[in-house]
């Protein structure tokens, strides 16, 4: 059991962080088709926001709860800026968004390196996250529990928003056929901006969670971006349910692989696993088919 | 093209193009080679900056042999081939008399063949895994017998029986741990686990779970870069405490510690230099740094070693009376080059191009500064090939020395 | 209601419409051969492309640079050519999409479902899986839900079975009687001229004829199309 | 389209060949000639990317994988050649007693090495492409998958330090198939080989682009499913382009090693793979010369601007991505056509010729 | 029956529980323009999808004695079955000539793909003439009008030398004159090949159909000559419309009258 339970718990937390990172992408990539390679840097912005909030509210007990919504808004606004400045001209060329946002991510990384101390900044964990809870006889760090809860809350909020606000319908309609959506009376520009705001904002929230786990520095976004994309792809484009399962599966797989082999091999194996899975199910876990030829 | 072939008399081919260093004017060009972009910029920017400070100081005091330093800052971009290319450029295009910089052992290994081919000079300022001594490189950071072996001695003195090794997945931690394992066997310390994570990955939770399961007395940490933050946080989260299962690190210094907050408090680090060191020259070094533009507020071992490297070069050139590489190396051979460094008066070993250093163990306090808890009784002479240590296999040493030529 | 005056427009470097002015009237038919520029004109009317010259006025307001969704909000509705639907949304979602936020949205949907039984039957099927004709019915239903003042129809009966064609044609006439304006592209000249108050013939992007619907001779219209 | 156009391009390749093989060795210093050789390696990769992405619509984000095959095959051979019958030095560091890993052995032979550089990418790309294209993996999925593959391989190499040199990579090569590498004459020879290979690659794609295959590839890019209904299997068409581009990446990687003198996982990972694409996008993905020239320009920018203003270079590179893709999706090579069109336009506008055939060159470019 | 006849027996297509085509049988032979009609959603397009390998089906669809079902799309095409789509799809970035050249290519050896095209092949020339696209040789297909694209699709079928042409609403969106031209083209084509047309334009059907099959809810409702089918009360009820017959007739008949004699609605 010692070899089974701890990796499961750790992996679930790892998966939750991955899910937080992927959640925004499942909107901007899954729903809008934008391949935002700067998503990792939005996450970084969220983490730095947590640091800045902590400079104002010095008690970490308070500052982290405050930082969550603030990071959402800050990263969201940055996403909005990206949408208005660049992405809005590119909806008909989804693959090109990938390259454009690579440029954005380079710039954001370098800017962060120059603005903040190069070694990175400390983000203090709230004291109420010190310690462990006991699960099945194993002590589980509270911080991991927190990551999972945070992911759950974000997923629930996002699902509810998409389902009950009719906004989900409008996003999907806009992505599928912009012209038709416009002529059906949908203000597609508003839909685009709001979607991008929320998607990027979620990266900000993920950044706060990441700042409690690893370093907060200019390079932190890089390690999340590709796994997050893989998770969204493996889950099935635009399938929230699939994203959740995929994130959890990748997290747990990483953890078990790392337990059985080494940290490096775990990365390799997890990637190969997802690649092979996508080869077998090219459309991901959950698929939507249509008759259209393209 | 029909250049020289393997079997040919290679003497003509091996002679590098005559050096193009221009010593006629009242300035001398030096190259600084640090990663200012990419992942390692996190660490290397500060080293670059302290080199600038040292150059400014030397210039203010009249320069090297009366010539002002005109430095050319190059970006290694965290890319080892770029380190090689820029070395070549600095030596053949800019005609720099010497190059200073590098951080990771990988970057040094990329620079090494180039400076050897072109007969240039490279000053490397970071502690490393040893087992190297190039005639074209001066090593001002610690080799293993000045940092890692003292740290092991310290652990043995504390009665450590079970040790866990955690490192980043690259040449320095891998080699260092190979040496640690050899020495641990000698000391009777059991290695209860060994874990590596890629340099750019922060998540250590699974590995920490393995540490919990292995129940070691102490952790020997050779992780580099920001991955340390993830390690320390995961360690703390798992309920492992500094007073029961402490960590000793060789790459967490004053610069890195703040990013880990209070969670790193109480753990140890092995270095030659600490900001808290009480030497006659240290206060001035700290003050100058704090007054220097874009400073990071604290001083650390790699910074100090970089600072040393420029002064050491000055001393070498002035002893040689020339900027010529062969003459500089000849001057080194005399074993009389010293510098009053912030860590104390260091002496250059002209044979292996390393310097003598004091070893210190510091314990991280609440201000993220280090309280010195142990010091070597004297300066330790550098021994990169561990010739003074019988537990290091002689045949391996021979192979390495032979390969180095 | 809708005035299109002296319009130049095209795609990128290709100019398609040349100084086109469309007569005003309750039901206006646009006639022309393949590639004459009918669809282009209608896309321009709803705002999907912007003219390089000329004005678009709706209800006395200059809407030349207004986004399509804003035009829809002002009471225009558009059924594009080619059986377009939101393929990944279900039939019902396609309708809800336009009914959202409208008073009595539910009733509006029900009215259309009653009009097109096939849609009722496949309400929960993804629209992308519907047959061509079913999708076209869906497109018309979507437009009607918005209770427009002006209905822009691009070959609305293309691909639709005869019984429903009759039904749609009947609806168009009926809507016109109820006071809704219609801008119609239709290949069945007979019906078009019958229904239209005014008509305009396009050939290669130029207006070659305009006239009053009821009185026009199909032969002269055809001659104008061939110019 | 004028029939002379393809021959015009051929002339262009000729001029390019003269510049690279004739003029460059005469006017450039050793250092810059060496750098130019490095850019040529990237240009060879870029030509392949242009074929797969520009013409075939497959955004290959993991060319580093194939670059690695060529590069590591070459590097292992050169390492063994340098080590003679000793174990390579770096291996001694980690486990002095273990023998040479078995997969190194074949690379002692120069012939096997050269064969491997050609065969390995063809086989791997063949298997990979077959699996992906038959399963109709495309678009963003294909891009992300290939990128993930590059990351996985780079991580794998990093973590197998004794077998591959890990993050430090392989370096310190003394010989190149019997020639001393530090002899300037031999360096010039290595450069000439690389430049000649680049010219060959350009000729290959020149012929492919003007052939029916080129048209079919574009057709597949634009409407893959439709191609099926013309009796072709699009998977095979894409496979050919993918394999050829992989082969070019491998050749580029192989020549990179003797020229730069080192290969590390960083050169094959995600970031490096994306940088390979940057040049292609800059130059013009679907044009003949665009990818090669773009790649060389990015390489040059890195060497020169990256030197004088490193932070600035990062911003410039970032902006380059943004501006080029945003305003010039067809790359710099589409500028001349744009200018020409802009100059012709005023007259045309009044000409009221709606049916006039629009310029084909523009559409094809 | 010849080698080039299309014989469909007991064709059945099911989509996760929904039976779109339910035991359809019909045959079509060279020399006839066979029509497949029926209400929206009857399963006409699905039949074509099944025959061309786009949808999985059971039953049988044979070209001569060769079974088509179960083969991949491109193999079926190579056997000589070509189709057009309800929404025209051509290669937008390629010129008309290139579109046709690609279509003509399936009988070439694959190695010849590596050579450049020289001149315009006779078959392409002929197809261009037939479809009236000769002037558009170098036009990118993307900027052709809707109707021109449909002609281009037919031309592509001609150059690929399809023995069976399955045309899904080929005249939708065409003006009357263009319909006539297309219909006549189909008649010429049908002299040597098997042509199956799906259409809702009853006027068009009346003028050009030799035989008609009516589908309804996935089943064959009626089969026969135009007159027979039109007279079938069931067909009238579900498709042509009984009450609506007048409207339909009015609408369809008007353009039917030769130009100049048609005055009923004109004054």
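Chains here go by letter, A, B, C, D and E, matching the order in which they are written, and residues are numbered from 1 within each.
To be clear about the criterion, contacts are C-beta pairs under 8 Å (C-beta built on N, C-alpha and C of every residue); 3 or more make two chains touch, one makes a residue touch a chain.
In UniProt terms, the chains line up like this: A = Urea ABC transporter permease subunit UrtB; C = Urea ABC transporter ATP-binding subunit UrtE; D = Urea ABC transporter permease subunit UrtC; E = Urea ABC transporter ATP-binding protein UrtD.
Quick caveat: nothing in here was measured; it's all calculated off a predicted structure.
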| item | value |
| --- | --- |
| Least step count from subunit A to subunit C, where 1 means the two chains touch | 1 |
| Far-end chain from subunit C, centres as C-alpha averages | B |
| Intercentroid distance (Cα basis), subunit E paired with subunit A, Å | 49 |
| Centroid spacing, where centroids are CA-atom means, of subunit B and subunit E in whole angstrom | 77 |
| For subunit A paired with subunit B, centre-to-centre distance based on mean C-alpha positions, whole Å | 37 |
| Distance from subunit E to subunit D - Cα centre to Cα centre, in angstrom | 45 |
| Residues of subunit B engaged with two or more neighbouring chains | 37, 169, 196, 198 |
| Overlap residues in subunit E, where contacts from two or more other chains coincide | 89, 143 |
| Sites on subunit A at which at least two other chains make contact | 110, 262, 264, 267, 293 |
| Touching residues (chain side subunit A, partner subunit B) in the complex | 2, 6-7, 10-11, 13-14, 110, 113, 117-125, 131-132, 139, 141-144, 210, 212-220, 222-223, 254-255, 258-259, 262-264, 266-267 |
| Sites on subunit A touched by subunit C in the complex | 166, 169-170, 172-173, 176-177, 179-189, 238, 288-292 |
| Residues of subunit C touching subunit E in the complex | 11, 14, 31-36, 39, 81-83, 118, 122, 129-134, 136-137, 155, 158-167, 169-170, 187-191, 193-194, 215-219, 222, 225-226 |
| Subunit C partner contacts - residues on subunit E that touch it in the complex | 15, 38-42, 44-46, 86-87, 143-148, 169, 172-178, 200, 202, 238-241, 244, 247-248, 250-255, 259-260, 262-263, 265-267 |
| Contacting residues of subunit C [partner subunit A, same complex] | 46-48, 67-70, 72-73, 78, 80, 84-89, 93-94, 96-98, 100-101, 126, 128-129, 142, 146 |
